[in-house]
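In the two assemblies presented below, subunit A is common to both, partnered first by subunit B and then by subunit C.
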Partner chain A sequence: MRELKITSVTLPTFTLVLSLLMIFLTPDVYSADIGNCLLCHKYPGLSRVDEKGKLRLLYINEDIFNNSVHAKVKCEGCHLDIQKIPHDPAKKVDCLAECHIKEPSSEQKFSHKDIEKTVAMSVHSKYDKDGKEKKFSEDLPTCKECHDEPLYRPISFFKQVRAGISELSLSRCKSCHKKEDFIYKFYNHVTSRMHRTRNPLNIAESCSRCHDDLQIIKRHNLSAKAAFSYGETFHGKAARFMDERIPDCLDCHVKKGDASHLMLSKENPESAIHEKNKGKICASIDCHPSASPKLAKYGVHSEFSLDRSPAQYYFTVFFIILTGGTLLPLMGIILLDLIRKLFPNAMIRRRK
Partner chain B sequence: MATTENMSITPEAAEAAGDFYTYVEGVGNIPRDIYKHVKSDPLGDLPRYSIHIVTQHFLTFISFLILAATGLTLHFADLWWASFAISLFGGAETGRLIHRISAIVMVAASVYHLVTIIGGTISKSMRKRFDIKRTQIPLPKDLQDIIHDFRYFIGKEPYRPKMEKFMYKQKLHYLAILWGTFVLISAGSMLLFPEKMATILPNPVFFQDLARLLHADEAVMAITVVVFWHWSNVHLVPGRFPLQWSFITGRITREHQIEEHFLEYLNNLKEIPEEREYMKKILREKGLETY
Partner chain C sequence: MEKHPLIKIKDGKKYFYRFTLNQRIQHIILAWSVVTLVLTGMPLKFPDASWAPYLYALFGGIKYAPVIHKAFGSILLILFVYHVVYVIYLIYKYQIVPLKAAGKKNARNILLAFAKQPLVPNLKDAYDIKDLMKYLLFFTNRRPEGDKFTWKEKFDYWAPFWGMVVIGFSGLVMWNKELATMILPGQAINFSLIAHSDEALLAALFLFIWHWYNVHFSITVFPMGKVFITGYLPEELMVEEHYQHYTEVMKQAGLEHEILPPHGSHEVNQEGGHTL
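And then the complex of A and B:
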């Protein structure tokens, strides 16, 4: 039951807890605004219409930013092209840039550059095995296609597992680490790596941006509307109800122990969803531990359309006809009965 | 005992007047429309269901409503109301648990029903009191009754058919429940034990998809039939509105029994002396003995 506690927290409650935490627990010392960018960007109305006619909101909510994973990074750490204020239209942020923060274990400047190599080996790489650029490579995702600026979503497991930071567990940090700023930062950092930042529905929605796009499916010859067909199964239905224990896209498509950046095609024998490996994924300790490899034969992407699963399609049609065909005559009897009750003595042929 | 002075017409004369009058030994000639003149207690005058049937109906309908509410919510997870509905049940996890507990109740009620029905039939057969006409088993007469009722609805017959304890509507509904319960329990078990079923079924992909569709589609059908057909017929149509108490009291009103289950009423007259006396009194009061 104890492990249920965190999973059964519904999103509204969770958001409420998170917002309350933001209000009460956020120390002001978090601010990384050395360049004083908020002088302008703190105004909620700050926006402009860009060359393409799209409205761009330039407002930065300091509270939200300070609770995000990048809270300690200076604005200039990512927006490298901005050197002076007022600045020219800023370029898009390159996540692979060397960042103005030091990785504490190596004292090296931090970078997401290594991830690029992992993604290059995955199914999402823009280049094929021979290093040639794939067809429609512009459809393939870059960092920001999947990642937004994630917020810390801390958990505490001091006596009870619950969402948010426990003052009790913080007090343990405080006995050695004096700087409160440091404590919050590392507590958030460590705990947020221990569980998913996003819930299954959120992940499915993120994947659906490309994998439910009919044109992308057609161009890349994909086999299903991935997120939609996931939503048709019990996994997807539970995800809709914010169940956190339900498997999402990454739970099956990423090999245990590998990062989600190394997602492989189902044809790759190394892939988690390759015919030979599928059984292991279903039978993983948190899911169906007692299952035989045959369980993996079930359809986890169900799409009852005429061209993909005709048997199921006609079965559904049959049931619609059966339901209508049963109900309408039955309702007809009731209707005739009611009409007759209005004219109880009406007779076509009176019998004496 | 039978007093011939109450009947001024002979059985032969009644026969000549068509089937409007029914001669009952020791009571008299009962006109078909007598139900318009009898007194009825809304809670029911005549026995219809045993305590077992009433209990089974309670178990079934309560579990059915809970199953429908939780099941529809889980099935239509992507609709706007589903997230509100699921929070009523305490989330998806608890909703599923409630669904499964109710399913156990429904299975138990079905088993209980089978036991009482089979046991009752055996015990009645042994006492030579089993009468197939008083059961839910469809008989050729039901087809005649449907045709007769249709003729009545369009004005070609003056009165409803004389029907047994269970009329054609009830037999249809009972058969639908037998089929529906069987389908829902078997498809539901396939969904409840996916690991086990994967090793048993010859073609797991096909059968799992089939079970998933079958369970949901059959449930939607059952729910629509119960809401639009069963509730209308039993509680909402004129004469039954706002509530028929039979499902609680196990008894049927005299008026209803004579109108829709006339042949069963004749059985009641044979079996219940008080009812025989009452009918005699009514016939006398209404001056019907002069016929």
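And then the complex of A and C:
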């Protein structure tokens, strides 16, 4: 190897190359890609067809990943089964695994395992009160049935909101917390908890995956196509027009102060939607504060169904008949009138 | 005040006075608010339709369109109340007060006065519908001879009248749901939503198909009937739809000799009249 001589030419060149390297390599400082997984996964289009014939996209966008809630977690922190490179097809990630990150206040390995205990007390638990496994327990949701890694969401929902952390808000942290590492470790986490990460439509769609499934509704004896009937109300329609402030499933079905993991059946007196608690939900300070408990008798999930809501069924049928009974004869007259005007002097029978 | 002759002659053509300025302004407010209400309401009725988000965005999307909808709903309800007061006032001033002066004011005469209003459906309408069907099905080539307001116009008047009661009341219930459910059960909101949206769809289709066909799109009127702006209906349309009323007005004006034969008929009798 030739010895590098520092001359008046090489020094500035060296400095320039170094500064360019520093600029381009800056994002990597925060990267958790210690295993160098991005060596392959950085290529857009990296994909394969799995055993079930489904296309799996394996590309990781480094910029988005580094700004996601899981940015500090190493790839191997969740993908525990990957030990060597190149690796075998990876197993699905278990969210309850202890990951290789330490919880900053306790310095213990972090895990989402506690959530499992909360879910076990909720209506979505796989076991009933007596600890017996429920019928069709395989239908009941696990973490990833409701949560997806934000990283894999195809697009951000609103044009003006991009995925990841706002540089503008970060600059406020930076004015006191000089150490960037601190900012990424805490601000990232805190803000992701403080923001609503999903809009009402997204929540409803997520619940609809099971609660609009007719087979699941039948198996579990549920009373309505929940997300569909929500979509028929003003709340649901506003959600479809991307209103972010409209109540979604969780706003009514989760008791204020509890996490959504502790969702309870409407038969449970502790539940937010229990007959005697319902009124408080509608009359909550951000919604209809002056409402009487009677407002809660509004059928949020009523459907056009003879079995479930006969009165509304017949009421709707009345309007269908009224509409048809009015418009069809009138449109018939228009049609006859158009034909008549083609032959203004024609007549079948002559008057004497 | 502008003077309104019953028959106005312009460029040798006769025009018949039908609507006062007050009525025309009422109608334009009605039409303008109904169109706005339909445009801001239908995207909510059909949120899955491909056009819905674009049409809604035109009115400011979910943030502003409901506000516009309520504003125009309020305008329409105020107009409705005004109209009812206006009609009752006219009947009182021109029919009840003279009755009183003549000493004939009793419940029977007052009821009769209301029942004989030109827009109240009567037996002639039933016969006119029967005769129209005969005409449309080629059994005769004489159209029914309509009075000042035909059954079509009575339909056009009473259908939105009933519609405004239903849509207005259910709209108010949904708008003031907290207040409404102090008295009504919560289910009233479900029924209001069904009534509001289904009746609105009926009203919109009724107006945009039936009413617009009769007043604008029918070949004899196309491209646009102007009576709602000018208040005057041209003679040929008067002959086509309101022949009975037409002959009365012509006689009143002393123009018997200028009465045209009934529309569609080519059997003008010797006296030049329209009688059979």
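The criterion applied here is as follows: the second predicted complex is superposed on the first by the 286 of 352 C-alpha atoms of A that agree within 3 Å, B and C clash if a C-alpha of one lies under 4 Å from a C-alpha of the other, contacts with A are read in each partner's own complex, and residues count from 1 in each chain.
Just so it is clear, a residue touches a chain if its C-beta (ideal position, glycine included) is under 8 Å from a C-beta of that chain, and two chains touch if they have at least 3 such contacts.
Given the structure is predicted, the values throughout are model-derived calculations rather than measurements.
J.: Mind checking subunit B and subunit C on superposed subunit A, clash or fit?
T.: Taken together on subunit A, subunit C would clash with subunit B, as the superposition shows.
J.: Looking at the overlay, what does A:Tyr127 touch: subunit B (first), subunit C (second), both, or neither?
T.: So A:Tyr127 meets neither subunit B nor subunit C here.
J.: Which partner does A:Lys297 contact after superposing on A: first (subunit B), second (subunit C), both, neither?
T.: It touches subunit B and subunit C both.
J.: With both complexes overlaid on chain A, does A:Ile333 touch subunit B (first), subunit C (second), both or neither?
T.: both
J.: Between subunit B and subunit C, whom does A:Thr316 touch in the aligned arrangement: first, second, both, or neither?
T.: both
J.: Just checking: does A:Lys341 make contact with subunit B only, subunit C only, both, or neither of them? Give me first, second, both or neither.
T.: In the superposition, A:Lys341 touches subunit B and subunit C alike.
J.: Just to be sure I read the superposition right, which of the two partners does A:Phe182 touch: subunit B = first, subunit C = second, or both, or neither?
T.: neither
J.: Can you list the residues of subunit A that meet both subunit B and subunit C?
T.: 231, 233-234, 237-238, 240-243, 288, 290-292, 294-295, 297-299, 302, 309, 311-312, 315-316, 319-320, 322-323, 326-327, 330-331, 333-334, 336-341, 343, 346-349, 351
J.: Under the definition above, what is the set of subunit A residues touching subunit C in their complex?
T.: Counting only subunit A, the residues touching subunit C are 231, 233-234, 237-238, 240-243, 246, 288, 290-292, 294-299, 302, 309, 311-312, 315-316, 319-320, 322-323, 326-327, 330-331, 333-334, 336-341, 343-349, 351.
J.: Mind pulling up the subunit A residues that touch subunit B in the complex?
T.: Residues in contact with subunit B: 4, 7-8, 10, 231, 233-234, 236-238, 240-243, 245, 288, 290-292, 294-295, 297-299, 302, 304, 309, 311-312, 315-316, 319-320, 322-323, 326-327, 330-331, 333-334, 336-341, 343, 346-351.
J.: Which residues of subunit C touch subunit A once you look at their complex with the stated criterion?
T.: Listed in rising order, the residues of subunit C that touch subunit A are 43-44, 47-48, 53, 56, 61-63, 132, 135-141, 159, 174, 177-179, 181-182, 184-187, 189-191, 193-195, 198-199, 201-202, 205-206, 209-210, 213, 218-220, 264, 266.
J.: Quick check on the complex: what are the subunit B residues that touch subunit A?
T.: For subunit B paired with subunit A, touching residues are 18, 74-75, 77-78, 82-83, 86-87, 90-95, 149-150, 152-156, 158, 169, 172, 176, 191, 194-195, 198-199, 204-206, 208-210, 212-214, 217-218, 220-221, 224-225, 228-229, 232-233, 237-239.
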